[in-house]
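Both complexes shown next keep chain A, but they swap its partner, so chain B is in the first and chain C is in the second.
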Partner chain A sequence: MGASNTAQSGTPGNNKRRARVLTVTSGKGGVGKTTTTANLGVAFARLGYRVVVMDADIGLRNLDVVMGLENRIVYDLVDVVEGRCKLRQAMIKHKQFPDLYLIPAAQTRDKTAVSPSNMVEITQKLRDEFDFIVIDSPAGIERGFRNALAPADEVLIVTNPEVSAVRDADRIVGLIEAANRGPAQLILNRVKMDMIRRGEMLSPKDVTDILAIQIIGIVPDDESVVPSSNSGIPVAMNDKSKAGIAFTNIARRLTGEKVPFSVLENSGGFFSRIASIFGGGNAN
Partner chain B sequence: MPSLIDRLLGRTRQSSAHTAKERLQFILVHDRIDLPPERLNEMKEKILAVISEFVDVAIDDVDIALRQNDRNSNMIVAEIPFAHSLLSDEERDENDDMELPLLTEKDDDDDDQPTP
Partner chain C sequence: MNDDDMVAIKGIGEGLTISLSPTEEWLHITETLARRIDQQSAFFNGAKLTINLGERPVPKYELSGLRALLERRGLVIDLVISDSRTTIEAAQALDLRAEPLHPETVLADPEFAETMPISPEEAGTTGVLMRRTLRSGRTIRSDGHVIIMGDVNPGAEIIAAGDVFIWGRMRGNVHAGAYGDETAVVCALDMIPTQLRIAGYITTSPADKRRKPRPEVAMIRDGQIVVEAWDNNR
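And then the complex of A and B:
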């Protein structure tokens, strides 16, 4: 499932590129959109792809901080839109990965400073040079969300196994379908296996039953995520982080690789059993 | 692996995760069709008022609910049994054999039409 039904991905080292635009959204705030965007960016770069991550949360920029690039910002997305700089000048190269760029949001403006067609134009300019453009959508379903959705080839919905987050995710699924941008794929973040075992948390299968969309990633709740954002080093740079591995697996699935869900869980057993119930297509 | 045993024994039925799932399914079916439970109740009452003008309905056994097979196939499923008196011996005698099956069939039709 997942990436297999989407446009073919670029190949590392291929010089003829046609970027896929992935929009990361959620409805509810605080479920891990920015963390997901940053980690997908890093993971794609580590896999050898050329990537731009874009912060569409005008007025509340965060992607720069999570990626550790906040000190390098000179120009931002609104500067590009309003013609104060060239697109290139607003693209910040990552310290470790020369093929990973960030386009930061403006901090002092609001969402009306950018329009959906601005977003489409900007991504069009980048498509020939990159393999992936990952857009971090703001929370909510208003202008910022529509900006982030406008250029999307594929939409990734991040949610947590909690009633409120799943409800909001469902609303987003409906909006994405209405906008003809679907089918969206699901990333279930902050999954606590021990709580699922005790029947105290919705399982991945519960959530996919409810939302009726494909799942492309299950990210365990991992204590390494907070320190990683403390220091601006996404967990996908850390091969020992379970969340980092999960994010990398999502990136690999998006490139078309078949990555079983059971890899995520070192104790195997129960988790892979759950995964196999709903993830059979991908878990071969 | 207690979790699996729990699941097999259906112990998780009472778990809060199960409650969460049930609540979500209820919330979402109403969200998706944009019909809050209160409005649905209002609608139920009106439907029953209309039907009761024509036939006797077993009000206590009526079940009108939203149901969904998948995201894009939501429906109102109504089960509206006739009041018991309709099937009383007296009436059964009066009705010829044709009429009752016909009624039942029609009732079935109303339920099943949107299903496929």
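And then the complex of A and C:
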């Protein structure tokens, strides 16, 4: 593992900085890892940063679909690892953002086609030319997860306010601590404020009580996410989407900006209460 | 030097203490000991043997030779007493119980003190201390006690032959007295385990959301697990 760069990235497009590698993971499947990866990629690009999003879910790729780049794939991650193409050839430029690239996963192989050291090598080659490398981890705690974790400077754990998702997230936090990759930060996805108010859903406080890690984003449940994913236009491209705003705020917090959680507030003071729970009303 | 100076044998209760000269040549001592046992085998028969080796540093191969010599005569070493670190370590390496002759001098050496049981009550007591939160999927096993400074999250598990102390929230699975010790206890600052076992007994936490965290102790009383506030135990 080369020198890690956990410092804040500088101004957009600053050539002197080396990329930060962010790995998005969760343990449990279906909590929104791929959606989060795609949206952070788009949000960073919109903020003017140079970004690569990488799909580490070999055999079950779908980051390309959510990014709307499925029909442009020629080479994939396994082709790079096995020397059938140059890294640049496997990087697909986004339709709208010239500084946003996707490295797709292979659809036909499995996780053993890539090793943790392959992942470290590939990210090392990209670090000088980009500000952020966002890696979409597969569900589970096996090889694919270890591949995604190996090059990580920072780990973002996505979870839903459900007991089973939090249980898996807790397991992941333990594994990340054991691998010395922490501290992980938490993204709480698909939060329904009215259900929390009725006591039917775990609150952010309930979740952080168990996980005891810093929360960097609370993404409300938003019906626009599914059609956006289906059409390949991440919600972060839509300034009216509540989830899109939340993902953009996470990206801004990751760049070091202080974005209060109360910005997300939309119905009756819920998030201002959240903000007070996390002290000072911002993520940092 | 006569035999008694070299090998002093004293009966205490049902045990025999054999003190071996710290200065005489080892081979000479063991030959003398073997001869005396062979002469008075009825006297030695079935006795609990304590071997006092004084200040002599007895390496592992010599001690194991002595043990073999005694075992061939049907005798088993119950305890080795010594003021030599070499000897004590050799005894421990051979799974023999060992104690210092003069605890105050031996224990002045901090490195040595660490390996020594200090009093009979503590003899054989071991434990695991962890200063971290145990997260889901983590299991801690110990043949002694377990102390956790941190939370035990749901999905984590502790299995201990002895007691379990949680300086934090106990929300996972815990089994104290796992080899059947019904006197084992589980203590936690906040006791809401998924499942709690002591020896062969098992219980779960009541689903009471209005509870306030308080230090509690779980133990077996009258054939069931009871959980009490720590206050009541003082």
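FYI, the second predicted complex is superposed on the first by the 272 of 284 C-alpha atoms of A that agree within 3 Å, B and C clash if a C-alpha of one lies under 4 Å from a C-alpha of the other, contacts with A are read in each partner's own complex, and residues count from 1 in each chain.
Rule of thumb we're sticking to: a residue touches a chain if its C-beta (ideal position, glycine included) is under 8 Å from a C-beta of that chain, and two chains touch if they have at least 3 such contacts.
Predicted, not measured: the structure shown is a model, and the values here were computed from it.
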Contacts of A:R167 with chain B and chain C, given as first, second, both or neither: both
Touching partner for A:S203 - first (chain B), second (chain C), both, neither: first
Chain B versus chain C as contact partner of A:P227, first or second or both or neither: neither
Greater residue coverage of chain A in the superposed arrangement, chain B or chain C: B
Residues of chain A contacting chain B in one complex and chain C in the other: 163, 167, 170-171, 173-174, 177, 210, 212
Complex contact set, residues of chain A against chain B: 162-163, 166-167, 170-171, 173-174, 177, 196-203, 206, 209-210, 212, 269-270, 273
For the chain C and chain A complex, residues of the former touching the latter: 132-138, 151, 153-155, 171
Of all residues in chain B, those that touch chain A in their complex: 1-4, 6, 11-12, 14-18, 20-21, 23-25, 27-28, 31-32, 70-72
Complex contact set, residues of chain A against chain C: 163, 167-168, 170-171, 173-175, 177, 210, 212
